């Protein structure tokens, strides 16, 4: 077998290095999310980047037991009490396209828009409109806009404020907000949701689109783990009953 | 269907609360690991707890491509390029008993030892010896001691220092070190490994044993995600070949 | 890397052999379950074994959308539309101890009982009583007996008939039925459930306990796949809402 | 919560029905794959369909420890000894696009070709050439053709023979073979591989493309389970070491 190659980490007796940093130095920093940033990005974040990156992971961490990832994890834990890793992993498997995929898709959209602005010299409003048109033509939903519950998602506002304070909000944030304005009607403003907000900020921070999904997974893993633990400690095995109707032969 | 109940988080339009804290306040703290602590523990950590908890997650994050969790994730990514959540989840599934289970098991052992000390008035050395004897009788390996590569695990030293500085190292740390001393021979000292070190510190911080596994999962999720991303961006699909011999009929 | 070794299958250009049989011969047999038997047992089944083994897999295949494995798979599919393998795998993760584990546990119990009968010369009723006593002392539930819905599980009856007709029902079936009789009250007979029935028949067919779980997984994989396909083709993404109450701070 | 709806299966006390058939009748048929066909298709197979469907599942079952699904399952089992469902599920997660996805993709391609033949009146050779041209233009590999090991895959030959004997080979089989002929060079014939063969036969049997993946998953689940069992019974925990080189900072 060919040796695998990695640029992420290595070890020798009594030494472990992650992206060239000794693990004990990283431990002393007091910020695990910085380690995750280092692992994914290849370098440590600046203090400003660290604040925003930590906020993105917290924004993704949890919002109740109802999303498919959390619900699936609790259902699995109700049948599998002895292997919590199975319930947590099962929860992550629901982070696909309909749930948890909008961040990655919005990052791809925003990068297409930024390319229009940079290479074709379009203004931000023109790029926003061109993106809306292309989605409408393809019959697809614009990612990152609108929410079933929140008209003004508190996580979006917090990300706008934090990224502006950190001087990390740039053209992608501007473009995302422009898209939402263009979509809104006089009578019904459509907000940027948390997926759109973190996508815009991640693009402005220089991340590639897959990080939209991975940041959500890392953050949500904490929430899922808490729900699995609650299911195992507060609920009886096999407690979940779903009502159903049969309409087959 | 009976409504599910949760004490973790809730939402109403334009408000999300985690353990009673508004999500935007948590986002402003700049420390995602504090959010994970809050989710799992029900309260925010003190500054000292935050430093040690962050260090535990970083200690768990990554140490190369060779552990089963990382290796499985990369193998899955080599066959499944379009669903990185599958590769990350698949990696977590390897965090079972032989890999990643020693922390939880060591926490259970240490709590048995602490009970002996508190309820039966035994000295720390007596409790350590009693635990060793019970493992020897059962023919089982002591968890949290010894390492295939490191004679002096840098993560263990860092955890001892950080937890002592934070005044969070207590009787469980003392007991774990006493167990290692009792196991060592004059010619061959046996070190406390990272599983034993984080188990002891977590017990002294008041965590229940399942957190031994969950802290490892949360930390390692970041490392696994980085390896999946590296596999997808640097390697060709299906690149992994394992040599095998057939000894069947 | 050391070559892996396997006694299951091998290939060379234009030839694939499973347990020594050419794959094209197995394909011509018209019975996939025989291939699964061969893979797990190392030899092909007799015609009688084939009939009973096929029945066990069918008995495990599906019984509605309510078990945790099926429910979890559908919940995952509602969030992850592009990777059905994630939904199917997520369903299998719920086959743990509380759900789908009774077959394996009953096989271990029955084998302990058979050892009592063979090595200590106990009669079947004595062995049944000894097993009941040991479970009662340990405060554990007897596996393989009782059902929330069925007082007379149709799968149990079918397995008794098929295994008797095939002359494969032996002492384990006798012991399992004896356990159920001993547990029953005059006013409330307790039936052997499908887990107990397939456990008894598998023991009489010479299978090891882990096959209790694996047979259930192989059979249920078909039912889970059908439910995932139905979710993807008949239902909208993110259609599942679970009602919940919050009782935290 | 809205009741879920299903047309697959239902139960009432002492009765379980799958697609309208009593489970005990299905158990008596002696052919589990027929139950899987019923679950996925909504009706039982004809005897000819049963023979070919069983052959497809057997063709998918196993071909050594080297594919990502089997390798990942064994790696997970080496770290997680107490939860074999995790290892089996982890194996299925590798059945994505690069591994195990060619069958589904080939089914979609063949259906596009059949539409050309039916709606545009093209001959089979013309449709084959049009498909090749469209793949070449898109810069994508033709699915279902070519193999790293087999120049004449024994599973392909067996599927051609079985489906012809069963009078189930139709225009999709003809089209798949025509594609392979058009791709071959005088000096280097390119064979239809097992993915292409089962895709063609499944299309001719009237199955939708997702069944290409699901048939592979159902069949391979048996092989993966056997490898997990072999890993757990023949090998030591954590036995797998992968050689690696570090080329990072």
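The first chain written gets the first letter, and so on, giving A, B, C and D; residue counts start at 1 in each chain.
Heads up, the rule we're going with is that a residue touches a chain if its C-beta (ideal position, glycine included) is under 8 Å from a C-beta of that chain, and two chains touch if they have at least 3 such contacts.
On a predicted model such as this, the values are computed, not experimentally measured, just so you know.
In terms of C-beta pairs in contact, the better-connected of the chain pairs A-C and B-C is A-C. Of all chains, A has its CA centroid at the greatest distance from the CA centroid of subunit C. Matched by residue number, over half of the contacts between the chains of A-B recur in the interface of C-D, chosen from B-D, A-D or C-D. As a whole-number value, the distance joining the C-alpha centres of subunit A and subunit C reads 38 Å.
Per-chain CA centroids place subunit B at a distance of 33 Å from subunit C.
Residues of subunit C found to touch two or more other chains are 1, 4-10, 64-65, 80, 82-83, 85-86, 89-90, 93, 95-96, 100, 240-244, 246.
Residues 1, 64-69, 71-72, 75-76, 78-83, 86-87, 89-90, 93-100, 237-238, 240-242, 244, 246 of subunit B touch subunit D in their complex. Against subunit B, the residues of subunit A that register as touching in their complex are 1-2, 4-16, 18, 22-24, 26-33, 35-36, 39-40, 50-51, 53-55, 57-59, 61-65, 74, 83-86, 88-90, 92-93, 95-96, 100, 149-155, 157-159, 162, 210, 213-214, 217-219, 221-223, 225-227, 229-230, 232, 234, 240-243. Here subunit C touches subunit B in the complex through residues 1, 3-10, 19-20, 42, 80, 82-83, 85-86, 89, 93, 242-249, going by the rule given at the top.
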